[in-house]
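Several structures are given next for inspection.
First chain A sits with chain B, and in the next complex the same chain sits with chain C.
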Partner chain A sequence: MGANDEMLLLKAEHIKISFGNVHALKDVSLSIRPGEIHCLAGENGCGKSTLIKIISGVYQRDGGTIEFNGKKLDKITPIDAINMGIQVIYQDFSLFPNLTVAENLALNTEVASGKRWVSWKNVRKIAEDAVSKIHLNIDLEAKVGTLSVAQKQMVAISRALMFNAKLIIMDEPTTALTKKEVDALFKIILNLKAQGIAILFISHKLNEVFEISERFTILRNGEMVATGNTKDLDDSKFTYYMTGREFENKKFLPAKVSEKPIFELDDLTSPGSFEHVNIKLHGGEILGITGLLDSGRTELALAMFGMLPASSGKIIRNGKVVEIKNARDAIANKIGYVPEDRLSEGLFLQRSIADNIIISEIDHLTSKGIYDRKKRDREVGNWVHEMEVKTDNPENPVTTLSGGNQQKVVLAKWLATKPEVLILNGPTVGVDIGSKHDIHVILQKLAEDGMGVIIISDDLPEIVQNCSRVDVIKEGRIVGEFSGEGLNEAAILSAMM
Partner chain B sequence: MMNNKLKKIFHSNEPYIFLIIILLGVLVQIRSGQFFTGNNLVDLFSALIVPGLFAIGEFMTLLSGGIDVSFPALASLSVYATTKLLLDRGYQGNVIAAFAIAIAFGAVLGALNGFLIGYLNLNAMIVTLGTSSIFQGLMQGTLRANQLSTIPAGMKTFGTVPFISATNKVNGLTSVLPYTFLVLVGVCVLMYLVLHYTIFGRGIYAIGGNASSAHAAGFNVKRTKFIMYIIIGMIASAAGICRTCMMQQMHPTNMLGMEMNIIAGVVLGGVALTGGSGSLLGCMLGTFLIVMVQNSMILIGIPTTWSDVFVGAVIIIGVIVSALQSNRYEKVRTSKNKEAAAK
Partner chain C sequence: MRKFKKAFNSNIEVSRLLVIMAFWLIFMAVMQGGKFYSGKNFLTMAGQFPEYGLMVLGGMLPMITGGIDLSLVGTANFTSILCVFLAVRMFGADGTMPFGFIVVFFLIAAIVGVCVGSLNALLVSRLSVPPILATLGVNELLLGLNIVMTGGAAISDFPKEFCDFFSQNIGGFLPRKVIIFILIAFLVWFLLEKTTYGTKIRLYGTNAHVAEFSGINTTRLLFKTYILSSVCAALGGLMMLATYSSARADYGSNYTMQAILLMVLGGVSPNGGKGKVSGVITAIILLKFIESGINRFKSVSTYYVTLIWGAVLILALVMDYFGEKPRKVRVKKQG
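The block that comes next holds the complex of A and B.
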């Protein structure tokens, strides 16, 4: 690392911390220059969050040195960190949903000042100053709970800026944002950089790392595996550093496509969400449906699975018109659906991995009408093996798994119902690269075995790699279809916008 | 802008509860001709005093994300002990001493709740169920409580001397609103100021909204809860004294079992069980509605035995209305976000 030490804003070296027997960070170093945008990347559980918590004083390190602004720091408390100019914007933003924007902005300052009385005039003034720093146009009297995720984030950023921040740490800030909102966020980040504020941007999304950061540090299993200039980094290196594995990203080519479509939407309409949607899916195909966050893609997915039935139009299975009014109808017609939000819609979080896998086929795990424990254990064993779910014991709660492995459980649950049509909404959102790769391999395999697969996603590299055909939805209408040579990111993106 | 403000008002529960109160009033008026009479209104406000005070305490716990089911037992114990003490001493002075002693007892008992819920971070529902039993046990076992049919003269006067009185011209009945009403008004105003203009009060809102953020923002979450439960104990005891003064006797079990209707009234007024949202006005309107339903049954000729059924029905209807409303609000919000995204 050729950086001159005097230029560094933060110099953390050989940081170690363990919780019980778990060595969360073994030997991690991180250096950040003033006013730079630095990306900290790594898969879930690699120690990114632990490192942030050490820097911001939430955890106390077991070993290593930290210098901030040229000063050696022995022990850091959260208040020290704030006073020195370190601000963390966590994924949940630490806002108060029940209070107004103005109060959210002013409360920390008011409490810190040690006052006992609240002056609402003062609250308003503090809030106005705060939003003016990033030229945020927002109703200060609105309750924060009524704001969109992007707006909440802007409020959190405004609040962070009130403490003369020198380093702002953003923990996966783009997770719930639309493409446009991400662009707006990046503009603000560049603006902060211009004011001399350093940004530590935490992400595991490759394209974002390339787009915004100048330098990067990658952690894996509590160790720093690489750091340097982003321009020296490329896709395969990034993936390798993150996972320690090399992948070949196999482009999906349909092997044997059924002669007749197995699933069709004929003029499906749900006013306000989507209109006149015509889609044909053949067995052995992977069809991609992509569009912006509010394009109607999610509503369409829900309509196909009967959770939000369309008001007019037909759904056709193997040439026959079928009524799909609820999830039960869909399952009876051999349609499976992997939802967008696996935590709230896809999993029983308190239950074991095993129970989650067999829940949708529980009716078949009986012998002479009585629940057959052995049959169940066999079935669970098969799926854990098939899906390569990383667990010591399938009786552990499903929450003990990483996002990627949870998604494999959701997938296993649906495959256990033996669907012929499988619809996946955002199949790899919040999933680490390793599991993402595994899931793609599984989906391609399923299609090769004759299943009709629909992937709904706005992750364009994922769509291009895995789909043999792609429909683009915009403002509720299908505006383009791409396949073969014409199927590339640029073409899809221009149709989406 | 004006339009925005109006919209905001109608997104809250208060105007709907107010509307229901008016409609119910008109209904009773049509059936009996007795609703909008001076003495009936005085009776209603008089009946609101004790539930109203309890409701203010419950409002604060709910706001902080907790719940309190111990206040009737807490009030009974501290007021029984106070009245007994004053009677044994042959106290002849005015009511101030009664309030002071009961409030002091209330603060100690509230501190027990506050310590367990605040400092030990235990579940408020379970803690107050437990302390409720303890308070009852202390009163009925240790103090061997039984009905005190006389109370000190000072308390008697305070509960009977009219602040406002009204006579019904038709049937000649006179109703009295005693000075205890001023206790309700005073506590209401005081708590409004505390909740709106002190860092402590905003801290209660902040804790109910997101306790870990409140901690991160620099609030002393444990101490705030501790103090809050002390205040709630004090208010509950003051309510108990009011009740005893107005009834002219101390009946130790008379207040027990009030907690459910109080919680129902507060929730009906739009105070979220999940903590963090609601207004003092809504809390009072909700409580008033419950009191009104209980009191008006007689006026329209429905036997009082049915009043529980009607109170239950009002609660469920109220909850349906607010659920519908928040659904609608949700829709408005998502469509607004969509518009914003489309820009």
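The block that comes next holds the complex of A and C.
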């Protein structure tokens, strides 16, 4: 690695572990210098979590060596790891939601002290010390369950710092955060670095890796495929390391746009969520709608699909005003909607892939009132093939699929209703890079074939690459429209903020 | 052997009950062969189960949607009391009822079913009352009405043509009540397996929110479901009328629990999304065998029947646990 070995805080080499016949890690090495921000990246299932569990003593490795702070370690228990200064902040933060912030922070120390009685004064003092390290301003008496995700994360970081941490491992810390909260988190990470604490930052988001880390390690299928300085990395290399595939990210250019708009919103208003929204969508174009998390974009999406009807204004399809009061009205007007949260709104998780695909068009799969199983199976077969859903049996529960393939099922379900307008709210959230690319290709193809597509997303690279026109929504109002040359990330971002 | 195993696993709920049934039948053959295996005993059993069997067939539908119908028994008694009142009003307490008037009884059952079912569905779908409370409330309402109408006493003076007709057997071995049960069982099976309704309620039962997003007309689905349930219960009421030859506000008060027990035993998931007609029919027959078998033992009081039902339910759940276990992937060691 070029670096002098004595400078390393953590040196893990040739780590191997297998569960049954599955070789979760084949030959992985990872080295971290004191006080550096190191990014560990890789797609879901590549072995990132397994590696950190080995380092923190949760799993025992089958082979390889680990040195921490210059000391060779044969066997690590979770207690050893904590005592040496290794702290892991998991995605669920491992906090007690029913206890207060102060109790959560002081719990370990109090228990460790072996005292029978709780000194509340002591609890408060410990907690105050803990939060002061990251200048966190928080009500110590608040129940953790009532805090926002970002606040919980800060509490978890404060707790980690109580143990003289030398290395803090953060497992995908930005997943549930807004852009502002991510910025605040990064500030704290830099502050920790200044105090000489090393951070192992786990992420699969390209922009974060570039923004925060100095060095990186990328895993794929249990093997280390690359490690080095982040400044030597670029977009296409990163994607290639992650997936092993090279993608041509094709910028969407509308081929033939219909003369008249096929879908219009005229002064659509829903007080408190969005106001006076005017949108025109032509067949053959992909319109992007972007805005911050609470900008009203989701409410607008739900209003277009009838799940949260607007209180005033008109929805116009092919020049005619239509009433869309529920999802059925929307489907009858040939509008499809890929929801924001596929787990709670898009899929019947325990049901088969097949049932999930056909449910919205089920009334067309009958002959003489009787459910035609053959027709259904044909339809399912077609869509599984068309969308390249990776499954050996469509009667398996949809939970057996990866996030990307689940999203393809949601897409198939809506395409099966033969929509002319397709609204997608966060079409690639939680989807691996390969499937994300596949979904973009599908969407561009649909638009080329004449469908009107609306992508609602805060993933700016996605918006810029796939949309021919972008509307920015801020505090419930459309504040800007970009197209052609003016359509770039910087312009959109400044309109969003 | 492998083929057998496959058939066993393909319908695990039914197979499991059949195993228990086989053991029970062998046990009865050894212990009480002559008394249990008599044509008369089988005829008695066949005459008894349709009344609550119908409630199970109907009640399983709300349970598949993730709800429950606790108004089954109230609906049944309400129906039989209305029928008796009408017959007395038209033909007098000791008059004769024209045979064709039986159709009117069924008509009343259908009307009561539609009304009660709509009320349940209205509360559940439009006002978002939890099904368990909505239907419990409706049941109390009906029970109250029944008591007010009858003054709490049994009415046994009314034209008995209906009761006579439905307590007879065809060809000496097939009770007419069983015919009604088979017809309804076929109807419910047809709806669940041969129409899109079955897929829709199972998906609705899995996740109502996603069903809404998928464009399923959930209000219509719930109305259909609760109406079917109440119509079945009302038909059950007619069968009770035939059995007891009288109507009372609180006949069959233990049928609610019994019906729920049979649904769960028959593989209908109380969480919704799962349930088959074949399962509940097997459960109905099994429980009837067990109940009747126990009655053959002079030394065992009939009070023990409830206790044994509880034991059977727990046994089925235990078998379910062990049957499912190896199929679960071990999740402990996943990275």
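Assume the second predicted complex is superposed on the first by the 495 of 497 C-alpha atoms of A that agree within 3 Å, B and C clash if a C-alpha of one lies under 4 Å from a C-alpha of the other, contacts with A are read in each partner's own complex, and residues count from 1 in each chain.
Simple rule for what comes next: a contact is a pair of C-beta atoms (placed from the backbone, for glycine too) under 8 Å apart; a residue touches a chain by one contact, two chains touch by 3 or more.
Small disclaimer: the values here were computed from a predicted structure and weren't measured.
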item	value
Fit or clash - chain C, chain B, common chain A	fit
First (chain B), second (chain C), both or neither touched by A:479	neither
First (chain B), second (chain C), both or neither touched by A:116	first
Contacts of A:184 with chain B and chain C, given as first, second, both or neither	neither
Contacts of A:138 with chain B and chain C, given as first, second, both or neither	neither
First, second, both or neither for A:146, with chain B first and chain C second	first
First (chain B), second (chain C), both or neither touched by A:226	neither
Chain A residues touched by each partner, larger count belonging to chain B or chain C	C
Chain B versus chain C as contact partner of A:351, first or second or both or neither	second
Least C-alpha distance (whole Å) that remains between chain C and chain B when both complexes are overlaid	7
Chain B and chain C contact sites that coincide on chain A, given as residue numbers	none
Sites on chain A touched by chain B in the complex	78, 94-99, 103, 107-108, 110-112, 115-118, 139, 141, 146, 148, 178, 180-181, 292-294
Residue ranges of chain A touching chain C (in the complex, touch as defined)	19, 24-25, 45, 47-51, 53, 59, 307, 326-328, 330-331, 337, 339, 344-351, 355, 359-360, 362-363, 365-366, 369-371, 413, 417
Chain C - residues contacting chain A, complex	194-196, 198-200, 202-203, 206-207, 209-217, 273, 333-335
Sites on chain B touched by chain A in the complex	4, 8, 196-203, 205-206, 208-210, 212-214, 216-219, 272, 275-277, 329, 333, 337-338, 340-342
